[in-house]
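Here come two complexes built around subunit A, the first alongside subunit B, the second alongside subunit C.
What follows is the complex of A and B.
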């Protein structure tokens, strides 16, 4: 039981309940004490009969990546499932409809395409759904029933889970879903001879610790509320829209205001306006919106006004691939905009750290009076994990503005040069603190000043502040620490970090002496830590989800030595299997 | 660094400062050309603040880029000189986050109707409670004399030496059709009259829009000159409170030099009131 680690994919056509079946499965498995990670893929179009895949990894041990290949494919739709067979392991299990509504021609049936080593279990999904509820809608539940029967899952507990999922629906909906599940369960128990070795028998038997089942977008919104967000402005864009939708409902309850703007320029402008007013404010967008917001990044840095931008990356450039994941906005986040423009960039490495990163982003923006960009991606935004309920931010994290004292206000210099680079910041309404902010270069009072010595001095001030941020950088995550040297060091960022850590740990078991390094703070970059790690490694590998190796270029510049690169733009999350394969070849 | 020496005789300033509207003037020396209409605008602004007795620390003036962008420097209050065309978004965010402040957004004609033209419809239809002053001199001044969105057709400019090929926008018509709840036109050469408009606009609860006719003495020698304005501008003696859109539109179309309040809807809720009501109703 301890080594249960299984990937299940449910594949169907939009509208067949594929995604909701995946959701029920992962919620139930979480309640049984397993770790889960699930990630759905669906077409960019709302209507139509596009292919949907609900991908769920279930494990008794910590999960770092979604798993490249599946152990089980549940085919709700034969046509789409044929094109999903590539992701089923060579010895994987195929659950398919043995009595489809319309007889298939030979090459239309998914089972006809299964490879010889695969195990196929035919279940009359359509027939049993009709039997249970009079229509085909319950096919997804029939399939879950069969899965439960085959994998030794607690029948009663599972039906409770289904009831809970539909608790707000009419009784007839609950009944037909539960009945469909039971039909599938009983039929499979009676008719299928199990020839695989898999089991999903619960490990905690209902005594599982309370977990939060949540995706990155939801967690970002929750963290922002917990961190005293007071103002949000945004414009809809996939995959960040959900953050605005959640906050639209929740922020007013917390006394805050949400503004849906006419475009992303206006959104970041309004955020900077609220920041100028001394309130915590943020916006969320994706690449194309971030391109527009880049207009304002310089003002936040130059006028030293707090602002937080969440950029959930998707396939680029331009409109690109809106519903696929990519890590290709690294360059624009770290350096997009005008002039010498130091800004903080945080990239959470897993779902859980989305919370921590959001709290940190709002804190750092306020304290350092600057722009913080938080880089998510489609995968982090939408993949679902079960995590421990995060700890609420401490009081110190919630009130970070360094306000001017009486002495400062005698002759108030808004941009006074200090040891840390941080100048005490008055907010409008403060008597004696009146100042004028501008995107023009200015002196310590804030008055425009184009003198070259002044420009140098004030640029140095902004960089001094930027470097002070490093003192508060979260410690880098290093997977294997207890050795002096490594043959391979994997350096990664963002959502690829989980796969990199998993690959390094698996490599150790295979006899490859490897470790991995990732950091949430990518700007300013903890260069010392990076160099210290890299000095222990004979070879360096940098996997990332973009074509040109944006992060690898950045790291190479710091390390001044050649690195191996591994780049994918498949639109799928990073797979530890691919990193491991590359390590074997190195 | 030592503070820049005051542009005024400090003693003299001290004596007038406490008793009059000049207390709203900062000690920074305006960078506008001698004879610029903007001096008249800020004069009206200081007087309006004085008569409304606004607390300095509760005023924020947000500007964009261009000659008008410098305005906040010359006001003794909080000020924010932002980006070209973006004073409206920044002022909106500030006001929504800090309802207690009196927020002014200022912009030039290129600023507000050219690069920032996409923001005006939305701040107006949302009815965000800020006062917007359009410094309309119908030319790009800071970049030295190119055609703007309100430059007359066929007028010769540095970007169109053969004559401006574009038909100018009518700011009052735009503001009316976008749904602004307060629409007025003022004149930089009549600070007293303009002061009254700014006062009305500031007291108005909702988005208030004032187009201010002003010359660019340096780059427009043929159209909106002091001479032309003096000859043409007249008081419409208009204050349409009956929400008479038809009259307002007709006036906007036919009276390009008439000053006064074209439209005011005092009953309409401003954005935060609307949000509060909707959220309370759905809670």
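What follows is the complex of A and C.
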């Protein structure tokens, strides 16, 4: 079977159906059994006509990263697409409107800027859309039709995906979209002399078993519902808003409560309040909101109240770049806030693991009575994958609170020093379970106590709880295990892990002896595993999406040896191609 | 205010167009230079297309220049963009995708397209060509799968293609036309020599006949000749010479016969517009008429001359040293109006 691995970008202006077209393309390719990874970028401004790009990677094999350069660029808007040509491969395909509504002035047409090795197919998108539906709205579908014809795909199967996308719309909307698609398909079939090598003809992967086409935010929301989330409080912020949007509809159906607060400080306050009351509670935000929440995070740790914060990172600092991805909140997530403030930080490494990480976050917060930060980023929040339906959490994961027994309640010490550091937690209303709860340093009963010996004892207790957390987390992922030594070891976290994994595997094929290490558990960090891996590697490379190398600094502190760094703040997800190139140079 | 630099535009991305562009850049470091081509591939070796079909070479081997060479020379190449019309009054090109481009001076070097015999126009949908990269990409995979071929015509590329198919153990029939090397006409003596040389190949050679009909039947083609020969094949190829690619110039006021008419300095009747290569008919003082010269070396020489003259030189074009094509052992003059039989380098 051919090794299908294609990246397609659709570029248009907001309102031109760019994102919808990308969604339909993903849905169709998934229905044909392909792996997909798609990612949209759009303007930060709510109003206006900014640039939108729907990026989709399609493969017959597992996908770990979105692909840096595209094989196909569909230009729905010339102005925006000119600035997107940089991401089209030197021999890539450009599909553009050959008969726009208005003539172009010199240099205003995207095809005019295509590089000499690129292949351009002019399709009268605007004209055909008008022919099909009487207006230009169907240009996106005409373009998809042309793409389907060029790639020799089953047009009827494709129209099924269009119908599914618009199934809740009126019939006229479905018909006009399908007709526009067919116009583009038939026109391209008849008029285009195909000179590229791409074809899906005869590629049979069998009908895919039922898969979820879903992004990270949707998975987080689904996982939270499946993990018995009872309370959510939040304030909308890109790129985390979608989580609240979904939960606002779904949480009440599950008997839960959602509260939109006036700001992020209130949100985390409400979450801690609900956690104190014995409810599974969480909030979701981004960097600027997380900064505000820092005011309250210490209370969760000090009062040992379960709380989960999802921080979907975006370009920072401050308001920064709301619709671009970055991994620059590592430091603030792991060590932000006041005092010695241990917390659990999880960072899913791909879309699929967003589900597992969310279930784990709610479980760990409850069991360890502490703050859990779940670090997503714009890419993980928004990238869409087709995945197997996740297994629902086990009963054990749904009820993790260590409640006081009768003996404990005889003389209840909410912050009793135990072997594990975890004290039995009584929720309000527990008979005999009354206690003081405060952000002040306190003794085992919860009474304020500023004695230096007590402060040391209670600080030790709060850290001691974390000794067993690592046993609860999935083991670190190592791409190549069956060798004693490696020339290069790539250590990564979060959304960069997929690209690092792919780069290491490609490097092996190129003859570079490399492996990769990544972990969902960022704090506490699996230092022993890290050191064991690093000891096998002659050189260490740490790629991440921030300027200062926050994770590299953290790892260097553990390994006590120099590492190579690869840092980007382009706003785009990590590309395996860039990591591989760096490995070649090392 | 600084005046805008000159914008030299060249229509055509073959040897004439590319050498014109390179010469212009050599002589004028500051000018804006743009090559426009309706083909979706930069300057490539057309004679190597048969090797490409046979998978002896890959696409990259077809390219004459590295892709980054244009950027290095600051020459902009617009591939896959066809010119719709020229307005000499406003010095504007109208491209088919509705973009307007202003030029200071223009060189037309748009080459030629495959000629379809008028008698075959009703069967045009059944015919395949090997004239351009796009033609080849359309048929390459099909050729690999097909076994039975019919070729009619038989120009330079056609015979090369025949040899390639024959070497791949295919069944090939060829109907040779004397005027397939249009605009040249093969004499009876030339034809006899060609047939003798081709007879060594494993091919069915048909002469002094013509096609009566071509019918498509379940993906195959059934051909009947006027003398009653019947063949059923997978693919039918036409090799009947080339015609200048100049549709876009019609109606612009530029004098046109079967090609664009230019004087011995390659200048058209319209100010600031030159033409060269196989799309041009060049006035020749020796025969006091217009003629077309073909072939790579001629195109290169004409491209350079057109560029120099556009910049103010007065270079009269002459045929270049290689004056013959070898058509299956028969010499065909590339510039037949000249008395070159006695030339030592012939």
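As a convention for this text, the second predicted complex is superposed on the first by the 577 of 586 C-alpha atoms of A that agree within 3 Å, B and C clash if a C-alpha of one lies under 4 Å from a C-alpha of the other, contacts with A are read in each partner's own complex, and residues count from 1 in each chain.
As a convention for this text, a contact is a pair of C-beta atoms (placed from the backbone, for glycine too) under 8 Å apart; a residue touches a chain by one contact, two chains touch by 3 or more.
Computed from a prediction, not measured in an experiment: that's the story for all the values here.
Look at A:489: by the touch rule set out above, it reaches neither subunit B nor subunit C. Of the two partner chains placed by the overlay, neither subunit B nor subunit C lies in contact with A:184. In the superposed model, B is the one of subunit B and subunit C that contacts more residues of subunit A.
Of the two partner chains placed by superposition, A:22 touches none, neither subunit B nor subunit C. Using the contact criterion defined above for the overlaid structures, shared-chain residue A:261 touches subunit B, although it does not reach subunit C. Of the two partner chains placed around the shared chain by superposition, subunit C is the only one that A:195 touches, whereas subunit B remains out of contact.
Applying the stated contact rule after C-alpha superposition, one finds that A:498 touches neither subunit B nor subunit C. Of all the residues in subunit A, the ones that touch subunit C in their complex are 90, 96-100, 102-106, 108-109, 111-112, 114-122, 193-196. Taken together, the subunit C residues at the contact with subunit A in this complex read 40-42, 67, 70, 77-81, 95-102, 133-135, 137-138.
Those residues of subunit B that touch subunit A in the complex are listed here as 1, 3-4, 26, 28, 56-58, 60, 62, 72-73, 76-83, 86, 88-98, 100-101, 118-119, 121-122, 272, 275, 279, 283. Considering their complex, residues 230-231, 233, 252-253, 257, 259, 261-263, 265-279, 281, 295-296, 299, 303, 411, 428-440, 443-445, 447-448, 454 of subunit A touch subunit B.
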